[in-house]
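Here the chain labels run A, B, C and D in written order, and each chain numbers its own residues starting at 1.
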Amino acid sequence: MTATATAPGVLQRLLVWWQAHGWPAWIFDAIWMVVMAAVVTAFVLVTVLFLIWLERKVSGDIQSRVGPNRVGGRFGPLQTAADALKLLMKEDIIPAGADRIVFVLAPFLVFVPTLMVFLVVPFSDRWLVKDLNLGLLFVVAVSALPVIGLVMGGWASNNKYAMLGAMRAAAQGMSYEIPLILAMVCVAVAAGSLKIGDIVSAQREGGWFILRFPLQLAFLLYLITSMAEVNRVPFDLPEAESELVAGYHTEYTGMRFAIFFVAEFAHLFFVAAFCTTLFLGAWSGPVLPPAIWFLIKTYAIILVIMWVRWTVPRLRIDQIMGFAWKLLVPAALVTVLLTGLVWTA
Amino acid sequence: MIDNLKAEIGEDIESAEQVGRELRLRVRPAALVACCRFCKERGYRYPADITAVDTGSEMRVVYRLVSLESGEHVVISVGVPRTGGSLPSVTGVFKGADWPEREVYDLFGVRFIGHPDLRRILLTDDWQGFPLLKTVPAQSK
Amino acid sequence: MTTPATKRESYLAEVLGGAWSIGKGLAVTLRNALLRPRVTEQYPAQRPKLPPAWRGKMVHKRGEDGRPRCTACMACQKACPTLAIVEIKGDEKKGRERRATAYVWDASRCLFCNQCVEACPFDAIKLGQEYSMVAESREGTRFELSELLEPAEEGEP
Amino acid sequence: MSVGLTPTEQVILNMGPQHPSTHGVLRLRLTLDGEVVVGCDPVIGYLHRGMEKIAENRTYAQFIPYTDRLDYISSASNNEAFVLAVERIAGIEAPPRAQYLRVILLELNRIASHLVFVATFANDLAATTAFLYGFREREVIMDLFEMWTGARLTQSWIRIGGVGSDIPEGFEKKAHEFCRMLGPRLDEYDQLLTGNRIFRVRTEGVGVLPPEVGVDYACSGPTLRGSGVGFDLRRAEPYEVYSRLGFDVVTDTACDCMGRYRVRMEEMRQSVHIIEQCLDQLPEGEVQAKVPRALRPSAGEAYGRVESPRGEFACYVVSDGGTSPLRVRLRAPSFYHMAALPEMVRGWKMGDLVAILGSLDIVLGEIDR
């Protein structure tokens, strides 16, 4: 499936007009994808601003506080915009002993892959930028990249806290990738395809995967490991404020810090959106438009992740690794086995 | 207790007086460590406080050992010269004597012989003088 | 680095027990989010209601004649632990008839310990309700007698 | 922790004086092998204000507000230790009502301090929400202080021979309300933290302080009681009216961070019990004994020991008969706990270091003086 195949009617007519000139369809395709990518990027950035506001509101509610309530009205909707503006105007500091090139490059290496994965998120029945044949594999490959950026940032800062944070990020990122992939494998087995479109249609036909045994287990595994992937409490060791000050981004200021921060929330949005895609039937749902259904499910997942983040303490590094290797990996293997048995039976 | 102590330490105990729950001893520096060890063996295991008092005419270092079982105190006073004084360290008897001895050194200038790590503790390393001596004036009065 | 020997639970019980304990915590935070009131005070918009005992900025009381009750007896200055009462001057009268003409109180030195108030034999000063003593310089934290004197009562000249 | 033939190097990490979990301006010079702490050298004194020197240049009464600034989380216990020593030298006794009021103030301070402990300890372990819950409950105590003494943190309301003022009307009712409110809230903390598996694996068995080592380092208070030594000055050397009040000396044999945490949680419940007894038994009468304005106690010395929320806070006062003390020694419990820290953290990881430091509940104001 290409972009054109999923395009709405207006686009179809545009394409007809395009081909009437004798121009090749693949150029149209390429232009269309660039436009879509820009739209998705803009959408994700706006979402991140909203998510940061939401996180502060949720934590405020949980902690008997009010949260942002001044900027832009009673509920402070423009608070994050104001914060972003503040960060933009901050002095940009590169530490004297830093490895400048790596230091500058690191935030982008974290930021770009977290945006790239949105290419395969089906926001609605019509809005899937590129339904790759190996969609799931693409996600696995690309979402593993940010860890490299974290390690680079931590290393280049020439700061011991940042270094420790980077080492933790690497160890944790690698370990949790495995149960995460295994949880996705269960979905691939169930859907019989790595293609996102097939996974969605498999759920439309046979019911959401979360309702079908044993994918509930895979769902839980995905949720837990994705919390670790986005470095949130109880898995926030790479940042671990009370231990490492700010972990790998200790030395980052202003806009460079903001990019790390935005990437983190974009990643959070992605894991929730992808969770919806894999287990909650993506955009399917009655009455309301598909895109709305997709967002409702995604935000439900995000709220759960936030709720957990504001409740539990942090684990220690060896406990985190133990949790991944002694509990999640075996559990994931068992789930894969069960899924295989159920689906071949 | 007093009799036992005198039998053990001998004439290095200059005076001994029981005030309420406190046994106040005045000891010569030579007998300090032996005296502390003697007390520790008899249940005074809690080194509540080590400090110094400069009265303007004489200076003494005061060790307060407490028995957690009986609640009795032994208060050992040892006279030291006001400048350049030194005493044997009791860190070998009580681990908890480490920091208080450093503090007494820091603020009064008493050197503790045998202390594992005698540095300034509250003041900066390059501080001149010992501020709790009466010879050091307070800035404002 | 020894871990005290505890009874080892079975693997599954440990996992489920752990999940249950976290679930209880989640219930607590949810309850707080939904049921408990917000306790934050919205400061500039919402001012605290201070109790009468509040120890804030020093206030010089006026006598029945409207003049300060302070007789410049220096008792407060002697009692002050931090030399926060910088200067007291009285007029040329003697004893109880004397009245303060100058009185400088340094808010930046004050510990608000109330000892000056307790030392005053004429009940002439108190620590009042004003808590905001912001200044842009050290000089600005010194308050003169005129700034400390309580407002004249209604109907008096 | 070297892997195979890969050579590893130890790293010296300077933690503090600006760091989120050093509870003030403390600096730890750490030697790390990867994540593992192999050496720890606490560097203190950043908050040194020369309190003991100041005391020699102030009158007895004038020094009281200074003592508030030592252990600023529970200022009343500092006042109490100093006042106790002065009263012993001068042979003054506070009227019975004042003694009860002092106990109420001290125990409210203890609860406030322990709430801050629970809050900051949870925060050190990244349980941010428990942090705000602790401060939320503490705020009620602050309001009580404000209502009675006019100050929230540094009350300096324990005076030589009494207390600064009698409790205002309505205080008893509000105090009772608080006592009733706190119990269920503590149960909530138990659900949120104490039972939480993550909290447990982070604290159980971590930072073990064997009882004999604790005594040798002169540790006291919840730190020592968390190692199973039932040493509480309110029992061992009762001051004020503690001998007339019923309460348990809480101990825990775990010797680890969890033990110290549990002791403090239970002590809050005991303190509520003490406050309720005081409110019920509160006699009528004066709250301030007659004390000469220029107090000149006879020459001599006295040692005032108080069970502060952190442990034994003691004040050694030597008088030469003048209006100012000849020597005031402030014996701060956190100072001794800090000295024991290097031994407790050796071999543990960075994350544990933060937990162990948090479990000692240090206040730099009293360490540095």
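Here is the rule we go by: a contact is a pair of C-beta atoms (placed from the backbone, for glycine too) under 8 Å apart; a residue touches a chain by one contact, two chains touch by 3 or more.
All figures in this text were calculated on a predicted structure; none of them were measured in a lab.
Chains that touch both subunit B and subunit C: D. When the C-beta contacts at A-C and at B-D are tallied, the pair with the greater total is B-D. When every chain is reduced to the mean of its CA atoms, the largest separation from subunit B belongs to A. Per-chain CA centroids place subunit A at a distance of 49 Å from subunit C. Averaged Cα coordinates give subunit A a centre that lies 63 Å from the centre of subunit B.
Annotation: 25 Å between the Cα-based centres of subunit B and subunit D. Averaged Cα coordinates give subunit A a centre that lies 45 Å from the centre of subunit D.
Taken residue by residue, subunit A touches two or more other chains at 62-65, 310-312, whereas all remaining positions touch fewer. Multi-chain contact residues of subunit D, defined as those touching 2 or more other chains: 129, 133, 136, 192-193, 196, 198. Shown for subunit B are the residues that touch two or more other chains, namely 140. Applying the touch criterion to all chain pairs gives A-C, A-D, B-D, C-D. Across the complex, subunit C is touched by residues 58, 61-66, 68, 129, 133, 136, 139, 146-151, 154, 156, 164-165, 168, 188, 191-193, 195-198, 200, 204-205, 208, 254-256, 293, 347-348 of subunit D.
Listing the residues of subunit C that touch subunit D in their complex gives 1-4, 6, 17-19, 21-22, 24-25, 27-29, 32, 39, 50-55, 79-82, 111-115, 118-119, 127.
Across the complex, subunit A meets subunit D through its residues 59, 62-65, 160-161, 164, 167, 233-234, 236-237, 240-245, 310-319. Subunit C meets subunit A in the complex at residues 15, 22, 25-26, 28-30, 32-34, 36-40, 42. On the side of subunit A, the complex with subunit C involves touching residues 58, 60-66, 69, 307-308, 310-312, 327.
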